[in-house]
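Dropping the structure in here first, questions after.
Letters A, B, C, D and E mark the chains in the order given here, with residues in each chain numbered from 1 onward.
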Amino acid sequence: MTITIEGLSHTFTTPTGRVPALRDVSLQIRQAEFVAILGPSGCGKSTLLRLLANLLRPMAGHIALDGLTPAQAAATKRIGWMAQHPALLPWYTVRDNIALAQRINPQPQRAVPAVDDLLALVGLSDFASAYPFTLSGGMQQRAGLARTLALGADVWLMDEPFAALDELTRESLTLELLRLWQTFRPTVLWVTHHIQETVRLADRVVVMSRRPGHVHTEKAIGLPRPRDDTAPDFQPLVRELRVALAAQS
Amino acid sequence: MSRLDSTGCALALLIVGATFLGWELGVQFFQAPVYILPAPSRILATLSANASVYALATLITLGEAVVGLLLGILGGVILVSLISLWPGLEQGVMIVAILVKSTPLVAIAPLLTIWLGFGVLPKVVLVAVLTFFPVLVNMLSGIQATEPALLEVFRSWHASQRELFRHVRVPYALPYVFAALKVSGPLALVGAVVAEWTGASGGLGRLMWLAYTNLNLPQLFAAVFILALAGISLYALMVYTERRIVFWQHR
Amino acid sequence: APSLVPTSPAQPARLSMTFMAGYKPQANLPFVGVYLAQAKGFFEAERLDVTVEHSSGRGEHMQLLTAGKAQVTTQDAGVLLQRRLDPGLPLVSIALIGQRGQQAFVALASSGLKTPQDWPGHTIGYKGTPPPELLALMKANGLNPQALSLVNVGFDPRVLVTRQVDVYPVYKSNEPYLIRQWGYDLVQWDAADYGVPSLGLAYVATEEVVRTNPELLTRFLRASLQGIRYAAEHPDEAVDAVLQYTGPETDRNHMRFMLEAELADAQTDLTRQHGLGWQTREQWQGLADMLVQTGALSKADVASAFTTRLLELAANQARP
Amino acid sequence: MSRLDSTGCALALLIVGATFLGWELGVQFFQAPVYILPAPSRILATLSANASVYALATLITLGEAVVGLLLGILGGVILVSLISLWPGLEQGVMIVAILVKSTPLVAIAPLLTIWLGFGVLPKVVLVAVLTFFPVLVNMLSGIQATEPALLEVFRSWHASQRELFRHVRVPYALPYVFAALKVSGPLALVGAVVAEWTGASGGLGRLMWLAYTNLNLPQLFAAVFILALAGISLYALMVYTERRIVFWQHR
Amino acid sequence: MTITIEGLSHTFTTPTGRVPALRDVSLQIRQAEFVAILGPSGCGKSTLLRLLANLLRPMAGHIALDGLTPAQAAATKRIGWMAQHPALLPWYTVRDNIALAQRINPQPQRAVPAVDDLLALVGLSDFASAYPFTLSGGMQQRAGLARTLALGADVWLMDEPFAALDELTRESLTLELLRLWQTFRPTVLWVTHHIQETVRLADRVVVMSRRPGHVHTEKAIGLPRPRDDTAPDFQPLVRELRVALAAQS
């Protein structure tokens, strides 16, 4: 799916006042493009994903997913959103949580990853029949990741999916995800705080400004895949992004 | 907290014991005549003297209460399902429910008798009318309290209201439903008794009515003791069932 | 509670008491007597302050009487005998207002039932327990209770007109009015007509008050009997007094019907001879025997169930 | 969901309207005699004809119901506080509570009159006895359902049971408490009516009792309509108050 | 406070079986030492902190905090634990959440950081009277951090306190925290997945093995403070720790 965002703004009204979260955000994302989003805490990254996933209604501006509004796109059941906090259903086991995603999002036309394969992918095969509240923080996050991947969606809206994971799990999952991405070719929006990760994964990195968030820098990552942290062009890109981000603080 | 631990049990015995002892001594001290407030010892003596009579009556009343309660629960759950699937219905349904709830049983009982005859059916219906309301209100509250983070996941999946209801709202509301059942359990017994109070051919309610019109208070309170015991058993059953079903809450 | 307030020697002390009617406010004659004594100042003339309360009729008036929360209440004579025996309430009838029982049995005129002989094969309703009068009536007519189908229907004459039962026990002064009002004709059987002894409502006090405070009860009886006599002479005014307690939304004609029915049963040769409320050993014994025969009572002991001493005092002493 | 939106209101009117229309037509169609089931039109006519009588009675009953409800809530909250501070008390308290709850009102009413006289006090106490139970059970359920993550924070602070109760358990249980209040509100009205049923000198219960014993059903149902309206108002008040107090839930 | 952990083991019993989380963990932590803990997801890091904070009772082994058991230590109100998920009270504002920690943990003998200073430190001054559910994930985590710091505790048990924060917020908070640490001299146990962060902060890094977790490597970080990522000894230490961690995967 291609995603077009134009002049998008959003302001929250809270019991204590109005909080502008996004201001005039415009982005063009190609079909099967992997876009990473960096930005200071509280700048509106999660809000942006929520708007795309039809969980919030934009207050100004325009969103089109393959020409559809978020509401229409949501109805096609081809949008996969992963929340920042893994919101697993405590009354279902890990396997059932993942299987439920597929049951509610049946994709008769397409192949979707099998539940057991996903459990293996996120390293939770041994915990398939465990209940979420017996998992560690990182394990819960991986279960949430597996649940989102199980949808076999055309758009992946991932909100800090690796935040609670150690470097090594993170790296191995990165590889697995890239494999899945190359198989299913979804369009990916990947919110993260890990600059290195963006360079490892993304076709393009969007750096957002402080709240109210808007697009500050876009940087295409031209490196060939598979990428290597030790490649000569890698660290300069990381440094460049860090500088761009630092301009926000 | 509800664990059946030994200190809890000991304390429970102590409290109940103290209550009964206070009652017994109060009756002795104030020389309260038996037709005003009988002593627990007297009540227990009456109970054991007429054990078989009470056993039979208890069976009848318990049967009506349990069947009525099940009907009431079903009614409450169906109404909540309707409201959950078509939220616009909420206010209308609640208004009619409160109207039904506000009608005193004595006003409906004769209608039920006219429609359903003198048997147990009208009693069962009365119990259902009495018990559906806590289930309706509590389950509705639970449904409406559902964790927003879980709702968001389902909305992002574009899940139907039915799926949302079944996989999220109902499990989330279960602790509320059990709270309602703990209220409705004893209520069902009271309802069955009230339904039998006038115009029944058996059951604790009739026994109590006869006892009261004869001012035979030991017999009346003997029935009260049975009711309380049955109520406590129903309550304990609900607590036990909740612990098994809502396992994710009692970690 | 009764209290003695010392006043000047010329005037007797002011007394106060609570009268608890044995049922809701309506035109039962013992109630009417009190209502009128209150309204017409008969109590005031006796220097008696009376608080009027009403019972739901479930029996709490007897409990409250024995607890000293009320000094006089009203009770059906038969029930009084039963309660004296079990659980042993120290109740004494100080004046028997209803000289005949309140109960009767009715069927719809359209049912074709003419006499109790026609009952077999039909459904007889009763309120809670089959009343002794019913059993006595059946016995008097040679009917076997086993051959009849008896159902407990509670207070609800509607089961008769919806034909859920064929025969239904009523208070003569009450339900027949309602049922006729709905447009049905009734056949009515009064147990007394079949030689079944029965008595109606009495003013009741506890043995203790009878013993310790005859003055209070005497004044009460004098004033309320005067109220009853006044009601007989001024039924319209009596109904007005009743409506003061029931609220104006109550059916006036219904109360009038009740009043007249009860007045009819309060006046007999006996009362014409001895005065309203008079009661005799024979009356009570006859009732007790009937109750024993029907199994409603285990033994008959009527000697201390009533007293005429207060009636005599009320008649003999001049009003202060 | 409970928002007073316009479709909700319209639907509510529709449902209530349909209920009354069905009732009216049913009565006409089956030619139900007025002493069995009066038509709503007849009931409303009775109501308006005796408006001032009903207004006064409503005031009395409402007063008893509200004061009794407040007492009942207080009682329930105190019991839950005790249980929360000394969890060992739970079983004992619940057993005694169910015993009290199981005793029919007619059995205690004379006792209350003996202790408290003929005034409104015994009625208020009866209402309290009737309404404390849902509050007790629901609040206890809420207290016991408290999010374990929040409890952990307080345990890591070595907070006292009192601090835990005040800052975590009570706020967490509030939605449960409001569910209980929505049940207890209409219950309090019914309780006041039942309490007045036995020999009160005023109030809707007395009106209903008189109407019922005279089988004056339009008058009885007129009072039922008032009760229902009062019940719905109490319910709406609870819903509104909940929305303001439990603001963190209705985001 | 000095912390002594000897032969500590813990196994969870879940509806679906027994999960050994820690096996035979022994550690000695000096007064005012800053110890970072690294380890794969699910290896028992949070469990270790919970045991120290008296939220779990050890099934085998021995814990002493200045000679006290965890229960006794908790009673002294000198233990500060920060959960992996910020468990803020939704019915209180951010300020009240932080103030409450101080109210329940009064420290009459000692100076504790002022609530407003802490709000400024974590960058939430503008959100002091906001309710937690109106905060972004990272903001919630910072509020939780401020609440823990507000205790003025002698032991800081920090469970991935920066997981939801961007690199720059992370770096500036690192500096602030070190300042606080040097002022108040608490003993710190710092669970993180960020290897660089451990080298930036800690006196010693403990690398735990996979579940059931035990101590695999301990590495003293001898670098002088303030530390600099570009110092010559910095990256070799990071690499060394990464290798130690990789041995677990």
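Note that in this section contacts are C-beta pairs under 8 Å (C-beta built on N, C-alpha and C of every residue); 3 or more make two chains touch, one makes a residue touch a chain.
Only a predicted model underlies this, so the values are computations on that prediction, with no experimental measurement involved.
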- chain D and chain E share contacts with none
- Task: Could you find the chain whose CA centre sits the greatest distance from that of chain A?
- Result: C
- With contacts defined as at the top, give the pair, A-B or C-D, that has more of them. C-D
- Message: Roughly how far is chain B from chain D, centre to centre by C-alpha average, rounded to an integer in Å?
- Response: 15
- Query: Could you state the distance in Å from the CA-based centre of chain C to that of chain E?
  - Reply: 84
- Message: Just the number, please: Cα centre separation of chain A and chain D in whole Å.
- Response: 49
- Note: chain E sits from chain A at a C-alpha centroid distance in Å of 27
- Find every residue in chain E that makes contact with two or more other chains and list them. 15, 85, 131, 133
- Message: By the touch rule stated above, which residues of chain B touch at least two different other chains?
- Response: 36, 110, 114, 148, 212, 217, 247, 251
- chain C residues touching 2+ other chains are 58, 63, 67, 155, 158, 162
- Task: Determine which chains touch and list them pairwise.
- Result: A-B, A-E, B-C, B-D, C-D, D-E
- Message: Could you list, by residue number, the parts of chain E that touch chain D in their complex?
- Response: 50, 53-55, 74-75, 77, 79-81, 83, 85, 87, 89-92, 100-101, 104-105, 131, 133, 151
- Query: chain D touches which residues of chain B in the complex?
  - Reply: 1-2, 4-5, 7-9, 11-16, 19, 36-37, 83, 87-96, 98-99, 101-104, 106-107, 110-111, 114, 133-134, 137-138, 140-145, 148, 175-176, 178-180, 182-183, 186, 189-190, 193-194, 208, 212, 217, 220-221, 224-225, 227-228, 230-232, 235, 249, 251
- Complex contacts: residues of chain A adjacent to chain E: 12, 14-16, 19, 38-42, 45-46, 84-85, 93, 123, 129-131, 134-139, 142, 159-160, 163-170, 172, 193-195, 242, 245-246, 248-249
- chain B residues touching chain C in their complex are 33-36, 109-110, 113-114, 117-118, 197-201, 206, 209-210, 212-217
- Query: In their complex, what parts of chain B are in touch with chain A?
  - Reply: 147, 149-150, 152-159, 163, 167-168, 171, 247-248, 251
